[in-house]
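Same chain, two partners: subunit A is paired with subunit B first, then with subunit C.
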Partner chain A sequence: MTTWIDAGCILIVFFALIILATSRIVGMIRIFVLQSCVLSLMPLFLHAEAVSARDVMLSLGTVSLKAALVPFVLFWAIRRISMRTEVKPLIGVGASIVCGALLIAGAFWVSLALRIPGRPVTDLGLPCALATVLLGFMIMVTRTRAVTQVIGYLVIENGIFLFAVSLFDAMPTLIEMGILLDIFVAVFIMAIVLNNINEEFEHDPGGESRAKMGETF
Partner chain B sequence: MILMILFHWFFVGLTAPFLIGVIARVKALVSGKVGPSLFQPYFDLIKLFSKQCVYSHGVTWVFRISPAVTLAAMLIVCLLVPFGSLKAPVQFSGDILLIVAVLSLSRFFMIAAALDTGFSLEGLGASREAFFACLSEVALFMCLIALTLLARRMSLSGMLGADSPLSWNLLGPALLMVVASLFIVMLAENCRIPVDDPDTHLELTMIHEVMLLEHSGVDLAYMYYAAIIKFFIFGAILVPIILPVQTIFPFINTLIFAGGMIGLAALVGLVESSMARIRLNRVRNLLLIAFALAFFGLIVTLWRGAL
Partner chain C sequence: MESFLQIAWPVPFGELALKIDPLSLVFLCPVIILLICAGAYGVGYMRPYWGKRPLGAHVGFYLLFALALLLIVTANNVILFLGAWETMTITTFFLIIFSDEKEAVRKAGFLYLIASHCATFCLLIMFFLMAHFAGSMDFTVMSKVGFPLELAGIIFLLALAGFGVKAGFLPLHVWLPYAHPAAPAHISALLSGVAIKMGIYGLCRVLWIVGILPAWCGYMLIIIGVICGVMGVLYALGQHELKKLLAYHSIENIGIITLGLGVGLLGRSYDQPFLAVLGFGGGLLHVINHSLFKGLLFLAAGSVISKTHSGDIDQLGGLAKTMPVTSVLFLVGALSICGLPLFNGFISEFIIFFGLFQGVLALPLLGVIFSVLGIIALALMGALAIACFTKVYGAVFSGQPRSIDSGLEYSKTVDETTSIWMLAPMIILAWLCAWIGLAPKMMSGITFLGGACLARVDLFLIDMSRIYIPLSTTIGIAFLFSGLILGLLVMRRFILGAEPQPVREAWGCGFTRVSVRAQYTASSFARSIIDLVKNILQARQYGAKAGGYFPLRARLASSVRDVSEDMMFRPLLAGLTRLSRKIDARRVLYTQMYLMYIFLFLIFLLVWKLR
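And then the complex of A and B:
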C-alpha cells in the first residue's frame, strides 16, 4: 500500500508541475481536476487497512467539490466573459519548469529539518505537500490572469489538504468539510469578481513589450 | 571475447529493423490500413545497400566519413548494453559516461556533415538537433544518475543485469519517474512523433530527416541503420527497467526481453498514432519536463537514501 501512497503523493506534485508548464487555461483546469482526483483517493489509501465511513465521505466530498463543482464554476466563468485562453506568464514556460524543479528540491531540503511529532504513514507526505504549496505559489505569482491565480490558489489548497491528510490522523470531519466549503465559496466569489474585472488584475502598460525571461526561442 | 562481440552485433543487426517494422505496422493498423510488411525495413536496407553513393561537388571528407562514424558509434554503444540474457561483452564501472559520449560523437559527425553540405535547410535541421540534444542529454544524465543511485552500480550492465534487478515494490515511485523521463528522451532522441515526424517530407519542420537529405545509397543505408540501432539501444535500456523479471532459464529471459521490446515498439506506434507532433518551440518544454521528472526522481531517491 505504501507504494500507492507514495505514487499518489508524487503524482500530485507532478500535476502541479504540469499545471505550471501548461500554456492554456482550459488545460490547466483539466490537469487540476486530475490532481484533485488523485488527492481524493489519498484518505482511502492512507487508511487502507480500515476504511471508515469518514474517509469515504471525505473522499467523495473532495471529488464532488474539487473535481466537479470548482472546475464547473471556472469553466462557466471563462465562457461567461469569453476570455482568451492563453496564460500570460511573467516568466517563460521553460524557465518556470526549471524553477519548479528547483522548488521541489527546496521543499525536500526544508522538510529534512522539519520534525513533525507523531509517526507519519509515509515519509513523502510532508515534502510533497510542501512542494505542491510552493508550486501553487509559483503559479499564483508568475501568471498574471485572474483565473490562473485562482488555479494557483487551488493548487496551494491541494497541498495543504495533502499535508493535513497525510500527517494528522485526528482532524474533525467538520473542520475538513469546513475547509472544503471555504474553498468553494472562495472560488465562487472569485468567479463573480472575475465577471467584473473581465481580463486581469493589473494594468501594466509596459508589460506587453517587455521581453519575457526564458522565452527567447 | 571476439565471438561474443560478433554475436552481439549479429543479434542487433538482425533484430533491430524488425522493431521499426512493428511500429509501422501498429501505426497502419490503428489508422485502419493493412500496412507494409513487418520486414519492410530489411527490404529498404537491402535496396539502399545495393545502390551507389552520389556526392555533390562541394562536400569534403567530413561528409564522406560521417555515415561510417555514426554507424560505428552505434555499434560501439551496442557492446556496452546487455540484451536480455545476452550479457554485454564490454562492461566496466562508469561505462554510462562512455555511452553518452559516443552517442554525442555520432551526433557531432551528423551535424558536421549536415553543415558541410552548405545546404541551408540542413543547417536548420542541424541547429535544431543540437539544441534538442543539449536538453535531452541533461535529462538522460539525470535518469542515469538516479538509476546509479537506485541500483548502487556504476555500470549499465550492473544496473540492468541479473545480479541486481531493480524492483518496483521497493523503489516504485522514483523508478516510475525515471522510466517516464527515459521514455520521453527515447522519443526525442529517436525523432519519433511528439518531437519529430520520421515520415514527414516537409523540410521546414524536419529535424533529423532533413540532415539526411544529401546522403544517398550506401551512405543513407548507414545512417538509416544507425537510427534503427539507436532505437534498439534505447529500448534495451528501457525494457529491463520496466520488466525486471529474471528467471533461471536464459531462454525464458530472452523471450521476456523480446516480448518487452516488441511491446515497447507497439507502445511507440500507439503514441505516434494518437498524438500530433508538437509545435517546435514546445519541444523544449517537453524535454524540460523530462528533465524535471528525472530530477524529481533523483530527489526522491536521495530522500529515501538519506532517511
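And then the complex of A and C:
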C-alpha cells in the first residue's frame, strides 16, 4: 500500500511542476483538477487493512470541493472576465522548471533534517508536501494574473493537505476540515474580487486597460 | 529616611509602588517649585490667547505633565516609571506645539518626539536587562542585586544613551535648541528646568541601582560633562536668539551637573566617601539651582518676548529703562547662572570645584589628570558664561533698541505692565536663588543626603564640616564685598543727592547723537571670543564688504554651526533618505515581487532553523 501512497506523492509534486511550466490558464486548472483527484485518493490508501468511514468522507469531501466546486468557480470566473491566456510569466518556462527542480531538491534536503511528531506513514510524504508548498509559492511569484495567483494558492493548500495526510494519525480531522473550509472561502472571495475587477473595468470607456484586466493590482 | 506606598495593580509586572528617598526628594524640590511657578506664570502669559485658542487642552496637558513628573521621581517600579516617562514625553510634545500654526514649532515638536522615542528604546532595553538579571521589576529589589561588571557597563552605556537624549548630552542634544524656543515661555522654563533634569534623575537612579560600576564610567561622565559644558556655552555665545541661547546654556549646565556626578562616581569607585558625597551632592545641588535660575531666565525672557514680540538679541535693547523689574530679575538669574557669589550657582559650582580639588588629592594618577581637566573646564565654563550673559544683558537691557524698523517704536510702547501672575513667580524664583546663595546650609544638606544615598554611605560618618567651613568663609567674604558695594551706593546717593540724574545714552562715549546702529550688537560683542574658537564652532560670516568711500549698504550675517547636528545627524538622515529612495526605486509594481521576498525569507527561516 505504501507504494501507492509514494506514487501519489510523486504524482502530486509532478503535477505541481507541470502547473508551474504551463502558460495557459485553462490547462493549469485542468492539471490542478488532476492533482486534487490524486490527492483525494490518498486517504483511502492510508489504512490498508480497513478503509474507515472517516477516510471515505475525507476523500469524497476533497474530490467534491477541489476537483469539482473550486474548478467550477474558477472556470466561471475566467469566463466572466473572458480571459483565457496567461500573459508572459515573469520568469521563462525553462527557468521556472529549473527553479522548481532546485526547490524540490531543497525540500528533500530540508526534510531530511526535519523532525516531526509521530511516525510518518511514508518517508516520501513530508518532502513531497514541502516541495508542493514551495512550488505553489513559486507559481504565485512568477505569474501575474489574479486567477493564477489563486491556483498557486490552491497548490500550496494541496501541499499542506498532503502534509496533513502523511501525518494522518497525529492530525485531527477537525484541522483537515478547517483546511477544506479555508480553501473554499478563499476561492469564493477570489471569485468575488475577480468579478468586481471585471465590473470596474467595464466602466472604463477607453478600453485601454482591458489588456491588463485580471492582472493583480 | 524612606517612605513607601504600595498598591497592587492589574498591569502585568506593574505595581503602583511609590517611594521617596533622599534622591527623589532632591528632584521633587525643583519639580514642585517650578511646576507651581511656571503654572502661575502661564496664567498671565496665556492671557492674550483667552478665547482664541483651546487653552483647556493646554491646561489639561500641563496637569498631566505635572502628574507624570511627580510619578517619575517617586516611582519604584520599572513599568510605572516607563509609563510615567512616556506620559511626560507625550504631554511635553503637546505642550511644545502650542503655537502649532508655525511650521518651525511643528518641526521642533516632531524632532523632540522622535528623539525621545529613540531614547525610550534604549531605556526599555536597559530596564529589561536589569529586571531580567535581578528577577524583579522593583527598584529597591534591583538595588540589592550585585550586577556583574560587564553587565553594569552595558547598563551604564544604555542609560547614557537613553537618558542622555532627554538630558541633552552633547551629540544627542539636537532636539533641545529647537524645542525650547518653540514652546511658550513657561513651558520652556519647565522643559529646561525640570524635563531635562528627568534625564539626570534617571541616570542617578541607575547609578543608585547599579552599586558597583567599572571605573571608566566615572571618567566617561567627566568627559561628557566637560564637552557638554564647554561646547554648550560656546554655542550659546554664537546664538542670536534669546531662548535658543538659553537652551544652549541648559546644555552647559547639564555638563556641570554631569561633571559633578562623574566626580562622585569616581569617588564611589575608588572608595573615597567624602569625594563621592561632594561630587554627587554638588551635582544634585546644581540640578536644583539650575532649575531655579534657568526657570527664572526663561520666564524673564518670556516677558521680554511677549512685550516686544521679538526674541532676536540683535534687535532688542534698552529694556532696563522700560522694564526695570524684569531687567533686575533677569540680572539675578544671569548672575546665578554665571556662578557668581551671593547667588546659588556659586554654591553648587563651589562644591563641585571643591570635589575636583579633593579628587586631585585623593585619586590615583588618571583620576588626578581628569580632575585637573575638570577644574580647567569648569573655570572656562564660568568665564564664558559671564561673557555670554554680559552679552545678553548688555544687548537686551542696556543701550538702545538696535533695530530701526521695529525697535524704536516698541521702546516707546513697552512698559512694565506685566501682570502680577507673571511677576510673582519670577520674584519667588529670584528670591530662592538668593536664599540658596546666601544661606546654602539647608538645601546643600538635602542634596548631600541625596549624594550620600547615591554614594551608598552614611552621611553621619563623614565630616562634612570640611566643606561647610570654607563655604561659609567664602560667603562671608562675599557678604563683605556686597556690603562694600552697598556702602558705595549709599555714598553715591549721599554725595550726589536725591535729585534725578540726567539720563544719557549707555555706551554713548560722550557722543550725543549716535545712530542706534552704531552700538555694539550681541554678535559683535561675542565675536572676539567666537573668533578664537571658530574652527571648533564652524563659525561663518557672510557679507561685511563695504566698497567705495561712501558705502551705502553693507550686510553682515554670522552663524554658528552645531557640529553634531550638521555633521552627524543631517548626513545620517540624508544617507537614510538616499537609501530609502534607492529601495523605493527598486520597488517593483508587481505583488509578485513582495511574494518573492516572503518566499525567500521563508526558505531562509527553514534552512536557518535546521542548522
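Going forward, the second predicted complex is superposed on the first by the 188 of 217 C-alpha atoms of A that agree within 3 Å, B and C clash if a C-alpha of one lies under 4 Å from a C-alpha of the other, contacts with A are read in each partner's own complex, and residues count from 1 in each chain.
Rule of thumb we're sticking to: a residue touches a chain if its C-beta (ideal position, glycine included) is under 8 Å from a C-beta of that chain, and two chains touch if they have at least 3 such contacts.
Remember, predicted model here, so these are calculated numbers, not experimental data.
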Overlay on subunit A: subunit C relative to subunit B, clash or fit: fit
Partner chain in contact with A:6 - subunit B first, subunit C second, else both or neither: first
First, second, both or neither for A:57, with subunit B first and subunit C second: neither
First (subunit B), second (subunit C), both or neither touched by A:113: second
Subunit B versus subunit C as contact partner of A:34, first or second or both or neither: neither
Partner chain(s) touched by A:100 [first = subunit B, second = subunit C, both, neither]: first
Residue contacts with subunit A in the superposition, subunit B compared against subunit C: B
Subunit B versus subunit C as contact partner of A:186, first or second or both or neither: neither
Contacts of A:21 with subunit B and subunit C, given as first, second, both or neither: first
Partner chain(s) touched by A:160 [first = subunit B, second = subunit C, both, neither]: neither
Per-pair minimum CA distance [subunit C against subunit B, superposed on A] in Å: 17
Contact residues common to both interfaces of subunit A (with subunit B and with subunit C): 217
Residues of subunit C that touch subunit A when the two form their complex: 590-592, 595-596, 599, 602-603, 606-607, 610
For the subunit A and subunit B complex, residues of the former touching the latter: 3, 6-7, 9-10, 13-14, 17-18, 21, 93-94, 97-98, 100-101, 104-105, 108, 112, 123-124, 127, 217
Residues of subunit B touching subunit A in the complex: 168-169, 172-173, 176-177, 281, 284-285, 288-289, 291-293, 295-296, 299-300, 302-304, 306-307
Contact footprint of subunit C on subunit A as seen in their complex: 90, 106, 110, 113-114, 134, 137-138, 140-144, 149, 216-217
